[in-house]
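Next, two complexes with chain A in common: one pairs it with chain B, the other with chain C.
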Partner chain A sequence: MEIASAAILPQLIVNGLIAGAMYSLTAAGFSLVYATNRFLNLAHGGIMMVGAYLVYTFFNLAGLNFYAASFLAVICTSLFGGFLFVSVYRPLRQKKAANMVMLIAAAGLAILLEALVTLIFGTDVKQLNFISVQEGWHIAGAIITPLQLVVMAVSAVLLVSFAVFMKYSSWGKLIRAVADNADLARTTGINPYAVQLWSFVIACAIASVAGILIGLERNIEPRMGLGFALVSFASTVVGGMGSLPGAILGSYLIGLAENVGQWILPSGYKEAIWLVMLFLFLLIRPSGIFGTEQGVRQTKL
Partner chain B sequence: MRKLKFLGAMAAGLALFGAGCSFTPPGEKSVTEGSYVPKTADTSPIKIGWVGPLTGDAASVGKDALTAAQLAVEEVNAAGGINGRMLELVAEDGKCNPKDAATAGNKLINVDKVPAIVGTACSGEMMAIAPTAEQNKTIMVGYCASAPTVSAAGDYIFRTYPSDVLQSKFVAEYVYNTLGKKKVATLAVLGDWGTGLKNGFEQRFKELGGEVVSSQDYVQESRDLRTQLTKAKDSQPEILFFVGYTEASIAGLKQAKELGLNVSIIGGDAWDDTKIHANSFAEGIMYSVGAAPQYDLAWVEKLKQKGATTNVCVPRSYDNVKLLAEIMKRTGTDTAKIKDELYKVQGYQGIGGIVNMDSNGDNTSAQFQIKVVKNGKAEAAK
Partner chain C sequence: MLKITNLNAGYADLPVLKEVNLELQPATMSVLMGPNGAGKSTLLKSVFNLTNITSGQIYFEGVEITGWPAHKLLSLGIAYVAQGKINFSSMTVRENLMLGAHFIKNKMECQERLVKIYEQFPMLLEKEGALAFTLSGGQQQMLAIGRALMSAPRLLLLDEPSLGLAPKLVKEVFAKVRAIKDIFGATVLIVEHNLKSLMEVADYGYILVQGQIVAHDKCSILKNLPIMKDVFVGKLD
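And then the complex of A and B:
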């Protein structure tokens, strides 16, 4: 077993934070959909991937300004997400489809999105080439690029604003009410359908922002969605099912574990680290860090 | 609570399922080329299989290789086919991974009942199909699979692409003797090809007296090699030997630059892909490639008209179709006879170079060269 020198520890932590920030961008939306709609949207990664391809279309193919292209991509992805919700998920829910059915529908949608994008754009990797690649900034013994700082900042803003929004805003209260008990919420005059639709659309908007940032950092491929959907899922388990700040914290834990873990373990075990972590959480603390052990939520599952 | 646990466990199973395989689209599943309507029964087309990555990792390499194979089929058919019988290419997507390649191979062998498969590109694909092919006496002629393990894969398993035993030695000697670098860090994709090339390189490099200061791996789907590169940088190498397919390599080379890993980088033959060369951060990288010093320009032009470029796997995908066609003109579709003829191949001049088969079904006439990326284009290193 080779143990690398302690001098690289700051860089490993930064690597973990960068990975965690990227995971959190998809995990946040994934968790938001789960909180309000109570199903695991495995197609969330696919929607992120669609967002990335849209910005590629607008920026690289249509030649628009990057920021205009990004804005357009976010709008289009949100609309597309709304369309998917209304045309696929909503009709299934109206037929009282079980969670398993929703999960299978989501998995099917993930495959469909990937196949469609492959058909249109081909399988090869696409590069946005917006930021020229150069050595990053040296900060506290580690190297980080400006783009990675932006990714981390966006993730931090999401974390804080989610926590505040869910706790204090009236919309947050609506979302929590629907998340706790959609039927009960309906009796008090809340329209759960609207809340579910809007949280799905917001989740898609966040997913497209994630797609753009991930596209800039790691390039764009049809397969990019699946891996992120799985890590998002693991993050929500670790952080607590249905807890938005929990999903974001879970993302950082996974990112840190898989990178700092390589300080001791051989690098080939990187993916194994987060899968083992997922199992440990399921065995020891299945409700995650922020998940509720007691109360209404458990009966709603 | 119980339900929560159940849901969690179910989803964890799903996560594992997803981690092991991937939801890859079935696009471009079956491409048939040169389909020909026979007038009489004895001029029915002869099907031959083709396997390579059409989606997923290394797809850019695979698609061009398929175009080249289709070009070869067209040429064979235009020249009268196999004694009047047309060739028909049945292409399957091996996705550069063993699981999907096994499915593709099974379909070609059991459903299409092809006598021979031109393939594969990736060594993992080759090793997944080889047992079934051997059992059913189906010929396989690899055009890019280079892992040392392929040599012993079976009697019916051939390849015209040289084994990595030769390539890894060649690169190690180039790094140690020609470049004069004595301390190397290695980073390779896990799998038959990456691990094989890395191990062979390290072994030869140590024999020569060099030091391997860091040895890192990554899984094929990973696009985040920052921690591997951080460890490599920490070991203060004079050069990095980086074995990866196109997608991860683009991400890894970018991350190496961002992390300030300012040493020479040398890679394996999969880097013979223009998709990599065009990037600013790929400037100055070197790689080895097992190929003729100069491809036939008229052939390159024909390929260009079909929208394909010449990457590492392209010439031999073309050559293998031509070679099989030539042999089948003498033997028909009897695979035992084709096998015997293949072992006798000596001095066959293909686009990718000369083919001399040995008793393992390996091409011993390995011509390797080092290419270096300058101004976004690969050229022969001096």
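And then the complex of A and C:
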């Protein structure tokens, strides 16, 4: 096996960080839904994809101003997410569906979304073409385009505000309470259903921003959803299930690993790298990096 | 205060409570005792609609609350400390306490109540910033009771607060509950398995055996009844 020159390493690291910035947005929402609702929403990537196609519709097809189109896309995706929650997930939960049933429903929804989008828009790749490709800046041996910097900045600002919202706002505290112990939250006067619905809607709003950024930086295609959902799942496992900082850290680790891994492996092994990471974590540290062995000192019956 | 009439409740296909009647007088401390599996916890859970109620009514201050969603009862004035995982373990002590009053918009009032709770439980102030899961069993119990009091409840339901505590701590907790009842003017209902010491502190007692109230009276009278011997030695278990 031939090892490439070390000169490409900085570029691979930059690519890894850009990938991490995009993954972290879907992973944060995926983790939020898991924390409050206790199921793996495999359709989360599909919702992100719907967000990307909505901005394509509003901007490229309807000819709206890009920012107006993005704003509309975020609103519509959030509403759409709320609709999916109320029409699919909540009825199942009310029938006391097991987590496996929820998972299958989510997988079905992911396939349905992909099929619907393919039906409407076709399988060909779409591009937003809002910011044309510009020459990048050379930083420490790597090339980074202004667009990529925008993607990373938007992702960072959004996630930091989200983390502040979760830590300090009264809404964030209610969400954390339900995530911690939904039964206790209920007897503490918190309506867990409302919190679960709003968490889902917030997760969809963040996913739609991810969809827009991915649309700007990469291409839009119907198949993008499931891949992102699986990477989000891997990120949350690596970082620690239900932990927001964990999901973000996991995303960046996976983004870096799959890109830096290309230093020694052919680029076709990208998926294999994070799948191996997922496998190793499930095997060696299933609670993830930020998962704690908490509850040991609690009185358990 | 709290009135339960002809209550039949249980879980799915398992009926537990049979024709239970109970009435709490305002500002009293009552205790519900009985062997394991008698349905003591089920009775408390039924108040919070966490069981299947097949018939009967539950009234709080004259308002029928049978089948109300659990999350509406705290703001009505009923606080409940369950068994097992009684705190938000990944949140700090202070956050836990503040959640007990999350529905109160007036921030000043919340702050005043917090100070009042800290006066009663200085340990909680000391551990204000600690995550709840790092607390010991007794501290966890204090935190849960403290959080329940943050809503300034008129009725406080406690499910086996002695669980997992050392005997010395149990006495301390009960003395605390008694003091709290007097300071906060709340009506208290405690569920316990078989604790003689509780009979000394409480005003009124109910004995629940196999889903039915078999005896109830003032604690001073109840503790001398022959049935209490069976409860205390575990003959009914």
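In this section, the second predicted complex is superposed on the first by the 291 of 301 C-alpha atoms of A that agree within 3 Å, B and C clash if a C-alpha of one lies under 4 Å from a C-alpha of the other, contacts with A are read in each partner's own complex, and residues count from 1 in each chain.
As a working rule, a residue touches a chain if its C-beta (ideal position, glycine included) is under 8 Å from a C-beta of that chain, and two chains touch if they have at least 3 such contacts.
Remember, it's a predicted structure, so these values are computed and weren't measured experimentally.
Touch criterion met: A:266 reaches chain B, while chain C stays clear of it.
Touch counts on chain A: comparing chain C and chain B, the chain ahead is B.
Touch criterion met: A:125 reaches chain B, while chain C stays clear of it. Of the two partner chains, neither chain B nor chain C is touched by A:160.
Touch criterion met: A:170 reaches chain C, while chain B stays clear of it.
Look at A:191: by the touch rule set out above, it reaches chain C but stays clear of chain B. Judged by the touch definition given at the top, the superposed model places A:234 against chain B, while chain C stays out of reach. Of the two partner chains, chain C is the only one touched by A:180; chain B is not.
Put simply, chain A uses residues 298, 301 to touch chain B in one complex and chain C in the other. The touching residues of chain B, when paired with chain A in their complex, are 1, 3-5, 7-9, 11-12, 14-16, 18-19, 22-27, 54-56, 59-60, 63, 190, 214, 216-219, 221-224, 226-228, 230-231, 233-235, 246-247, 250-251, 254, 257-260, 262, 275, 279-281.
If you check the complex, the residues on chain C that touch chain A are 48, 50, 69-75, 80, 82-91, 95, 98-100, 102-103, 131, 133-137, 140, 147, 151, 163-164. Across the complex, chain B is touched by residues 2, 4-5, 7-8, 11-12, 15, 18-19, 40, 42, 99, 103, 107, 110-111, 114-115, 118-119, 122-125, 127, 132-136, 143, 145, 218-219, 221-224, 226-227, 229-230, 233-234, 237, 241, 258-259, 262, 266-268, 270-271, 275, 278-279, 282, 286-287, 293, 298, 301 of chain A.
Per the touch definition, chain A reaches chain C in the complex via residues 170, 173-174, 176-177, 180-181, 183-192, 294-301.
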